[in-house]
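Next come two complexes built around chain A: one with chain B, the other with chain C.
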Partner chain A sequence: MNWPKGSTASVIDFSSPRHRTKFGYLLMAPAVILMALIIVYPILLSVDISLQDVRIARVGGASEPWTLANYRWLATSAEFWNAVFVTIKLVAVVGGVSLAIGLGTALLVNQRFKGRSVARLLVALPWAVPEVVAVVIWAWMLDSSFGIINWALQVSGLLSAPVEFASNATAAFFAVSAVMIWKGYPFVSIMLLAGLQSIPEEHHQAAQVDGASTWQRFLYITLPGLAPVIGVTMVMTTLWVFRDFAIIFVLTRGGPIGATSTLSILTWEQSFGFFRMGQGAAVGVVTMIICALISRALVGRFAQSVH
Partner chain B sequence: MSKWKGIANTAATAVCLAALALPARAETLTFVSWMKGEPGYGDWWNEVIAKFESEHPGVEVEMTKVERSTYADTMFTMFAGGSPPDIVHLAAFEYQPFADEGWLEDLGPWIERAGLDLNGWAGQETCEWKGQTYCLMLLYTAYIFAYNEQALNEAGVENLPSDWESFLDAARKATRDTDGDGVTDVYGLGLDTTGGTNMMHDMLHFVLDAGGAWTVDGEPAFDSPAVVEALTRWKTLVDEKLTPRDTPSGDLRQLMVEGRLAMRLDGPWIYNILKGAEPEIAENLKLAPSPFSPPVGGTSNVIGMPAELAPEKKELVWEFIATVASAEMQQRFAQLGSSPAPRPGLDYTKEIETIPYFELFAQANDAAAAAGVDRLPKGLEIEFNEVAKVVHREVQGMLIEDRDPAETGQAIQTAVEAILQ
Partner chain C sequence: MTRPDRTIETPSPSPARGTAADGAATMPYPLVPERQRTAGRLRRAFARKLAIYTGVAATSAVLLFPLYWMLVTALSPRTRLREFPPRLWPEEPQWDVFHDLLATQPFGRWMWNTSLVALSTMILSLSVSVLAAYALSRHKLRGGQSLGLFILTAKMLPATLMVIPFFVIFRSVGLVGSLWSVVLAQSTLIVPFATWMLKGYFDTIPDELEQAALVDGCSPLGTIWRIVLPVAAPGLAATALYAFVLSWSDFLYARTFLTTSQSKWTLNLGIATLKGEFITDWNVIMAGSLMAAAPIIVVYLFLERFLVGGLTAGAQK
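Right, the complex of A and B next:
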């Protein structure tokens, strides 16, 4: 290129050690800006709305002055504390049972046997079915009056009256838990299967030579080897239970009498059911903070266990 | 040179004329509705759109279906996001928050400019919010009694129910296990117990029949004797398993179509749905006046326009609304919807002759209107969804924990008063 006479234009040499990092930042800039737009902006918007005493927030519209009224409502709201309790219960039940079933099925399909490929496919199948489709089918099956599960239980003589899955608080909670476990355990299983395959076979062979029993090999080789994978998997399962909306919404809408009303259901209900978007955003922000703390604690703990 | 100049002038003139002959601008009006594809009302909308498009060459109305269950959420999201549909279609009980937010255009000046006389327009007063007119009422209707004659006859119900006692008796008799497998095959009654506004409407039959209302002079009256009586009746019907549990209105209508429900109180729209039953079932599906007095009635759905719309689009949307309000389209509404249109002064002789239950619908409308019944309780317009949630929660508590209806009524009253504070 011919620069005009007298011009003092300078060219940055990105290959020089001095400017190499700048080139890195330059390459990352589009991705960072995009991330900021699609992740950080909605979070900031939620925080902003949660600090306004508004029923309906309008993007780009005039803002109300900031207030802590929505957070004060949270602190005194029986619905919020009920949602926290239900969410924790659901995380414990769904996370625990999914881990148990996922680990069991992962250990099973990690063995060599005829038909292993089909077994692996069947284990992973619920994960592959779109959530809403699966839940609608479950809702039909669990229908109190005409569902096939109630019909089978009554015809087989196990029950004399149908279980009202959406009208009985205990039954509704366990129906929601069961569907979430059905939908969630394949993910745990797939992750743990990958973890199992990364444990060197030599460790097991050496332990076997040293006379370790199957249980001891599982306890001292398999489990420690799986710990980081279990950690990540449990973090992801916990976050999934926290944020999952479709399963509960389709099955029970949070009812009956709040038995399945989780934080995500409460967020939707306040924001779009009652159009109290300030309060809904406050529930969402608190949920996000709880999720961040849980993630940090679980990841940190399992990372330590590796070392 | 002059020859080329002449050709150029001619060409320029031709281009200008061609441009004038074309529509001023290709324009699309967006229109979201839950009625798209519905038998009856959906067909009527198709005709309205076709007529409007034929009268406005180059203008297209793009109708999109959004399910009723998520309709209000979708519309709020569209408005809050700054991209509402050009033609606003809402339920009569949900437009108020939109008007309250200043999202809807005051149609008063448009109505005045067009000289549209809305005197006697059924339910139009519901479109008045804080002194302004935000919509045009599309339907005021009353509930009627749908029943399966064969199911009632086989159950030994000789006469159609005419009051609460005979209604309960019929529901008890008609709830049957027809094949002896221990599972109920036919339910006597279909009540929407899933919560929300439909459950409120289904409960309202008993409230009105007991001589009460959800609100009195705009104040909540959930602890009144009439509401307590209605709660008692509801508890009886659900506890005795005379209705399928947790089944929404749409599914209840489908059960009726399949012959698995003997009775249902519903709007006139059920007529078009029941026509879709298999012939051997359809011949037994009939309609009659509601056994309760006065019948549940009220405004159904409205049309309006967003406040923040380009002036030229507002003109087009108003012309669309004017098409809807025209005598021709209102007459077609009555024919296709099988129920009286809100526009006064229409001649229904032909409809009465050709549509079996048209007169029944008209009489039910008159009865509900004469009693001043509206499904949307006055004073609870903005908080209706929240109130419905409270009612659902407390009624579920009453059923699950076997609570006293009077105690439940008091709990609802306290919760609703807290919402209104």
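Right, the complex of A and C next:
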């Protein structure tokens, strides 16, 4: 390169090792700036809003003085504690059932048989269906007058009268759980299948040579080998139930009388249903803290893989 | 004289059979003849196959029934939907339901809006994420680790919280009701997601190729463009599709920012509203759902391997 000396001084040559790190920072800059604008700033703003006694918050201009009124409202609000309870119940039902069916399915499609790849494709298909579509299909199947589920329940003699999934609190909760399990369990089986495939075949063979039964092999080789993946998957399912909005909102909108109102639904309803953004943001901030605590388990596991 | 000869010959048949007999004598179950044993094994193998296929068939039938029911309902005449027992097979498929949908609702518009949002989100997130992911994977940067952890945590943020400050911000800059509001808001989830996924892919690519290119005088940016991206193409495709699918499925942001003007709705918002308004026209709603789900299902069926690979990559580490 026969450039005049003056011009090389003004241009930083990024291919030289001396400037390699600078180049790295430069590559990172757009993402960092974008994330600062659309993640960090909104989070700070939401904490700010949760500390203001406002109905519709604004940016710029005079903001309200900070107060803990919204958090005091939380602590004493029956709606909030109901939402906490509903969320925990939903996590337990959806997580438990998804894990049971997901493990069963993963073990099934992990067997060697013809058409295995097609079977794997099919059993995970609901995962690819948009949530709103999933809900709308289920809403039709659960329809109280013409839905096929009510018809099947009555024809089979399990029920004498159709269930009103929209107005019966227990039925609404199970309807929401059913949709969430249908939509969310394929993820569990995909993850567990990947986990199963990472268990070395030799372990099974060695156990078989030692005379272990199928059940013993499942208990002492498959389950321990799968435990970390089960942990990660359950944490992710829990976080998904905590954060999900579309399924519950479109199916029941949190009703009837709060029977399916999770923390996410309460956050949104307070903010955009009743336009009490201060209180909504307070619920949201608490949800975020809970989610952060839950995901710590996950982040801790991943921490080593970040460099 | 022949007898002693025979007695000498009989105990030494073919060497292979001799060892088999010896082995059988020491094994715990020597008494079952070989033919019967293979028959038993075959029967057991058959029972196993039967159990597997029954299990797979039953699981898929239960799982896929809702999707099948969506198809049947969409193609059934409106009046049939109020009859008992329900018809499990559409006898005369009504294809004009799609015409009705396009004629009575701004459905084409919603589809266009959804595609526009999904493509913009995908392009915006990916162009930012590719560079950051590459930097995180290749350069040892101060703060790189904390950035990685931040990105990981950002994936877990509850969107119902984020939507509040976004609404406030967008209202003050006049973006509420614009498709851009949805694109920007969705990037809060998709940028961390894409960065994390791409970093995983870059980590699997050895950096000798880039070193060679740099030595040969290729510029660092040129190296990324000409060497790294082509090699990482499958990973890029998977991440792009993932971003597209996530964006296509959004409901929360569209419901919050776009409700005011029907011409700005996305598919999901339109379908959810149809469900609220036209409770009786389930065939129309199902036809709409079918059209909203079809692109994603097609993408999934063809590219399952990529998508699932991207999904599970993070968990395997």
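What we mean here is this: the second predicted complex is superposed on the first by the 258 of 307 C-alpha atoms of A that agree within 3 Å, B and C clash if a C-alpha of one lies under 4 Å from a C-alpha of the other, contacts with A are read in each partner's own complex, and residues count from 1 in each chain.
Criterion: a residue touches a chain if its C-beta (ideal position, glycine included) is under 8 Å from a C-beta of that chain, and two chains touch if they have at least 3 such contacts.
Every value quoted in this text rests on a predicted model; they were computed, and no experiment measured them.
Peer 1: State whether chain B and chain C clash or fit side by side on chain A once the two structures are superposed.
Peer 2: clash
Peer 1: Could you tell me if A:Ala281 is touching chain B, chain C, both of them or neither one (first, second, both, neither)?
Peer 2: In the superposition, A:Ala281 touches chain C alone.
Peer 1: For A:Val59, is the partner it touches chain B (first), chain C (second), both, or none of the two (neither)?
Peer 2: Both chain B and chain C are touched by A:Val59.
Peer 1: First (chain B), second (chain C), both or neither: which does A:Phe113 touch?
Peer 2: It touches chain C, and chain B stays clear.
Peer 1: On the A-aligned overlay, A:Pro256 touches which partner chain: chain B = first, chain C = second, or both, or neither?
Peer 2: In the superposition, A:Pro256 contacts chain B only.
Peer 1: Tell me which partner A:Thr233 touches in the superposition: chain B (first), chain C (second), both or neither.
Peer 2: Only chain C is touched by A:Thr233; chain B is not.
Peer 1: Examine A:Glu164 and indicate which partner it touches, taking first as chain B and second as chain C; both and neither are also allowed.
Peer 2: Touch status of A:Glu164: first partner only.
Peer 1: Go through the superposed model and pick first if A:Pro126 touches only chain B, second if only chain C, both, or neither.
Peer 2: A:Pro126: touches chain C, not chain B.
Peer 1: Given the touch rule stated above, what does A:Gly273 touch, chain B (first), chain C (second), both, or neither?
Peer 2: First partner only, chain B.
Peer 1: Of chain B and chain C, which one contacts the greater number of residues in chain A?
Peer 2: C
Peer 1: Scan A:Trp140 for contacts with chain B and chain C and give back first, second, both or neither.
Peer 2: The answer is second: A:Trp140 touches chain C but not chain B.
Peer 1: By the touch definition above, which chain A residues appear in both interfaces, chain B in one complex and chain C in the other?
Peer 2: On chain A, the residues that contact chain B in one structure and chain C in the other are 57-60, 143, 145-146, 151, 155, 272, 277.
Peer 1: Give every residue of chain A touching chain C within the complex, in rising order.
Peer 2: Touch residues, chain A against chain C: 14-15, 20-21, 23-25, 27-28, 30-32, 34-35, 38-39, 41-43, 45-46, 49, 57-60, 105, 108-109, 111, 113, 115, 119-141, 143, 145-146, 148, 151, 155, 182, 186-187, 190-191, 194-195, 198, 229, 232-233, 239, 242-243, 245-246, 249-250, 263-265, 267-268, 271-272, 277, 280-281, 284-285, 287-288, 291-292, 294-295, 298-299, 302-307.
Peer 1: Touching chain B in the complex: which residues of chain A?
Peer 2: 55-60, 143-146, 150-151, 154-155, 160, 162, 164-169, 253, 255-258, 269, 272-275, 277
Peer 1: Which of the residues in chain B end up touching chain A in this complex?
Peer 2: Chain B residues touching chain A: 72-73, 76-77, 79-82, 97, 101, 181-184, 187, 193-195, 244-247, 255, 260, 383, 385-386, 389, 392-393, 396-397, 399-400.
Peer 1: Please give the residue numbers of chain C that touch chain A in the complex, ascending.
Peer 2: Chain C reaches chain A through residues 48-49, 52-53, 55-56, 59-60, 63-64, 66-67, 69-70, 73, 81-82, 84-86, 127-129, 131-132, 134-136, 138-141, 144-145, 147-154, 156-169, 171-172, 184-185, 187-188, 191-192, 195, 214, 217-221, 245, 248-249, 251-252, 255-256, 268, 271-272, 275, 282, 285-286, 289, 292-293, 296-297, 299-301, 304, 307-308, 311-312, 314-317.
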